[in-house]
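Quick one: structure below, then a few questions.
We call the chains A, B, C and D, going by the order they appear; numbering starts again at 1 in every chain.
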Amino acid sequence: MSQSKLKKIGVFTSGGDAPGMNAAIRAVVRTANYYNIECLGIRSGYNGLINGEVIKLGPRSVKNIINQGGTMLKSARSDEFRTEEGRKKAYEQCRAHGINALVCIGGDGTFTGAKVFSEEYGVQVIGVPGTIDNDIFGTDFTIGYDTALNTAVEAIDKIRDTATSHNRVFFVEVMGRDAGFIALNSGIASGALDILIPEQKDSIKDLFQVFRDAAKRGKTSSIVVVAEGEKMATTYELAEQTKKEFPDFDIRVAILGHIQRGGTPSCADRVLASRLGYGAVEGLRKGLTNVMAGIQANQLVFTPIEDAIKKHNEINQDLLKIAEILAL
Amino acid sequence: MSQSKLKKIGVFTSGGDAPGMNAAIRAVVRTANYYNIECLGIRSGYNGLINGEVIKLGPRSVKNIINQGGTMLKSARSDEFRTEEGRKKAYEQCRAHGINALVCIGGDGTFTGAKVFSEEYGVQVIGVPGTIDNDIFGTDFTIGYDTALNTAVEAIDKIRDTATSHNRVFFVEVMGRDAGFIALNSGIASGALDILIPEQKDSIKDLFQVFRDAAKRGKTSSIVVVAEGEKMATTYELAEQTKKEFPDFDIRVAILGHIQRGGTPSCADRVLASRLGYGAVEGLRKGLTNVMAGIQANQLVFTPIEDAIKKHNEINQDLLKIAEILAL
Amino acid sequence: MSQSKLKKIGVFTSGGDAPGMNAAIRAVVRTANYYNIECLGIRSGYNGLINGEVIKLGPRSVKNIINQGGTMLKSARSDEFRTEEGRKKAYEQCRAHGINALVCIGGDGTFTGAKVFSEEYGVQVIGVPGTIDNDIFGTDFTIGYDTALNTAVEAIDKIRDTATSHNRVFFVEVMGRDAGFIALNSGIASGALDILIPEQKDSIKDLFQVFRDAAKRGKTSSIVVVAEGEKMATTYELAEQTKKEFPDFDIRVAILGHIQRGGTPSCADRVLASRLGYGAVEGLRKGLTNVMAGIQANQLVFTPIEDAIKKHNEINQDLLKIAEILAL
Amino acid sequence: MSQSKLKKIGVFTSGGDAPGMNAAIRAVVRTANYYNIECLGIRSGYNGLINGEVIKLGPRSVKNIINQGGTMLKSARSDEFRTEEGRKKAYEQCRAHGINALVCIGGDGTFTGAKVFSEEYGVQVIGVPGTIDNDIFGTDFTIGYDTALNTAVEAIDKIRDTATSHNRVFFVEVMGRDAGFIALNSGIASGALDILIPEQKDSIKDLFQVFRDAAKRGKTSSIVVVAEGEKMATTYELAEQTKKEFPDFDIRVAILGHIQRGGTPSCADRVLASRLGYGAVEGLRKGLTNVMAGIQANQLVFTPIEDAIKKHNEINQDLLKIAEILAL
């Protein structure tokens, strides 16, 4: 698609919401405006595209949202868009509204939809990685990840206060169904005794040994951070098994849950989202399609959306070692 | 007990920990020091008293703790202190260490123990209300309550971001096994659609009606705040029943849990704790015993500890009405 | 004015803004709506009244503002309203828009204007105390005060980190031109070595002695909290004089400034604002005029607006003593 | 220096303190302990080295500090260490305590001292970049920078509340004597109208034009973020000149100051500090000297300390453009 054709951009957020999505929307809208490109906001992700829920967005429509969590365009997962019929409707809406390019803010699922749609209908699409899980290939950080980390760490800091006061063991579950980035980083940052993530084969015996070693060192309270997607067992099961092995332990479970998805975005997330939203429009202007905008080594880069979906960021092995060494 | 006998004060924290307990310990220690009264810290509540876990506390022992959550003296619930034998051991420790007065920071259970102990052994005791639940008669606020409210509200603000973005209904459970103060105040402050507390008879039909009315007004997402001690059903059951009634609702449950017990105390809690810690020592100097120090209408007051245990603060009826009116 | 005449309420914010003003506006609007009373928002305080900048406010106009700092109606100080001519224009606007009652959210100056206007034109007025300074008679707390305290204390906590690391003395100036409530409470809560407020006669010699005593006790870093309105000298002058007396001191000045006026309101401020906004409409419904809604001893009370202006809350003498005792 | 000689590490913090320094100390101490290397803490930077203020640090000495701002080892700038005599004393202390390797946590000045010392006396030295300014070559981020950014942005968010409510223009000065990283990133993140940094030639005419353009777009309040080291004029002068040009503007100045140096470190800073502290010990074990540990593209790297001192990270040109485009 040549650059001259870029007339009207549609922007939407899809999948799980993440702090900073609003900052990304704002950047898309204002960069488009800067280049005199019209911009439409599509509400509720692909569902809104199918149903034509679009609103005109000018530079003042996005004022005072850079510091707001959530997404002003709302988000949703769409079953209908997975059907050919659904996508056909979506394309008709694009034509009806004159949208010939889409900025798709979301994660894996969002990008998969974009790719298929682009291939079927030739609409120019560019992805922006917005998910707290940081599990997208092609960018060092995803939008919302840094904020979620801070939320998790602040919560664990609070839990530590009561853990220490009562000599308790807490199993704290953080988000991350498929990826342990939040668990590993928030665990290191909060001085967790152990960190359980889906990328690593964990054994309950190892965990018990960690507890025994800690007791020998005189540790009277502990935090174990567990990623939602830990494969060994659920967080509640881990707590129960530990209680059986160490009946004297005063054990509690804390599921941090959805607080990790909301909140005022951190500075890093706002800047990242601003750069990626800007980058997405620049990418569209250059005629790029089926790519994702990302930041690597502090530079804007574009990755084929297929790679963003299929490849995965590896857990940094140094971090695993650091987690073990520092948890004394 | 005459004033002249006050020689050595023991101070401890007992029961559930609360942010601000450290500020109260600091105030007890420094006020005692100001009056040249010795002060010993007793670790782990009544258990520490029984086992003689005492440490000498001078004014510098309590530096840099006013802003720390938890309690530097640790806390615990003690079964042994409920036995005559346990209390006898505790008294022997008091004698051995020369402690003839106790400042007991905690809640109902702590005060009950103090009362019995004082009656049996004549040790001068004064209570300081430290509990996030605010359910102690004789004080407008308990230490930790204000911080817990802010923690709950900040968490619900985050949840609202994601609730709004996804048009979801969230049932958010806050602490309060017997009292709805946290639920009612955090619910009003976070604009909850409904608030369920143990002090009020709630019916599931009323709740359903509230949802229906909200839907009519065009509300697409909602927060329902539920006190831990709500009698109608557990928070999970409420969510399930609501899902059955409104199958289209996208419902989530969030249990805020122990994050409400920790964290840097708010300014109000630090000042309150400072005043009550100071007040406790002043009370002991005046020869008071079996009373609790509290703040009412911004003045230091002393309430018979029996009243503090048996009587209860009523939920403000205005607040219930306000909650209903404002949840539009 | 009899109750039956209450038809249309105007609500505005005036004077310095304070966190929680939005929560108060929301409460006024929704309570009015509950009683089927129309409600108009007047922008930019008395200036907006004079110029007829009014907007219709329904229950959904005030959604998602309970947690927002600032004021959606904007605020201003008005010179024109101090003139007869200005007030005449304001009254004409009231008549033109059918406003026969005003809820005036602000401080001293706001209430003075309301009183004069009410006396001249018979418009029913009720005041709601919104100011971070807490210097309004007739209420235990003003809207915004608790949030400002937390902001100040969080800032001083940060400053303490660097003060301690570098063995420095910091003079921290907090807001409060006429009142030392913020200084006194944030000073106690942050463990300040000394607190200088306009209500107390301070002498530089006493301050120097405090520094000397602290040095003797081995204190290597200190925070002195100074109210903006301290009469002895400006904060910069105090720092200079101290440097002259103690040339070895590494002294820094921090003026906290306008960060104290903004930010997400605390739970206490949101609840207070909700109660007072509700109370103001209830007061109007009862036919009250020239009064201020306040909370005393946890109950809604109305105080003649003249008293609210002329009388003053006294600094609690206990707090002064506590500040001295605890600053060891 | 061969690996076998590494026996006893000295660690210290020097120069301006930064949040996360404690996490770095903790990582150095625990990693050393893991490898059975002794570790001594040197208090107050080079001064402490000269005066032999050293303490033995074991793994439990550094518990509960990962979340604390400031530095438990204190920091200072040292004039004496700039003299040959001072460094000679320092070396004698190293010999007396058996220290043959130093981990030097700080910025430019710290590294310069380390380099000279290493060259003169052959002590193995490794630098860890700890400064909020992010102006150290050889690492993508310095310890404390991310926290300082969040502190600045939270403060500016609060200021915006009051700026918007009163239609005011705020000049907000953030730290950065030589570098505009804090200003540029916090400015983008808070939606500043303009950002003035020392790396860019700014003109007052351009600033005035920015204000005029904003007024045309209907903007009624603005934030201008100014780096401490801005060369055009001081922040107060900028405000005065702007007032002369636009007499109707209601202009305020806010100097954020030392709050930017303190506070609980962010998750990113804690993880960064943990990685760099670990990396420093690994570097020493490999026999590296006169290098700085850094993180680039998420990998641990070592940079000659000379480069870290002499070279400079460039301001990202994309960010300058983004700042301009998004400030609508």
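Everything below uses one rule, namely that contacts are C-beta pairs under 8 Å (C-beta built on N, C-alpha and C of every residue); 3 or more make two chains touch, one makes a residue touch a chain.
Note that the structure is a prediction, hence the values are computed from the model and not measured.
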item: For chain C and chain D, chains touching each; value: none
item: Repeat of interface C-D, chosen from A-B, A-D or B-C - more than half of residue-number contact pairs shared; value: A-B
item: Chain whose mean Cα position lies farthest from chain B; value: D
item: Approximate Å spacing (C-alpha centroids) for the pair chain A, chain C; value: 40
item: Between chain A and chain D, centroid-to-centroid distance (C-alpha), Å; value: 28
item: Chain A and chain B, separation of their C-alpha mean positions in angstrom; value: 36
item: Residues of chain C whose C-beta touches two or more other chains; value: 157, 164
item: Category of the chain touch graph - line, ring, star, complete, other; value: ring
item: Chain pairs that touch, as defined at the top of this document; value: A-B, A-D, B-C, C-D
item: Chain B-touching residues of chain C, taken from the complex the two chains share; value: 23, 26-27, 30-31, 33-34, 59-60, 63-64, 66-67, 140, 146, 149-150, 152-153, 157, 164, 185-186, 188-191, 217-218, 264, 266-268, 270-271, 274-275, 278, 296-298, 300, 316, 318-319, 321-322, 325-326, 328
item: Residue numbers on chain D that touch chain C, as the complex places them; value: 13, 17, 19, 21, 44, 68-71, 74-76, 151, 155, 157-162, 164-167, 170, 252, 254-263
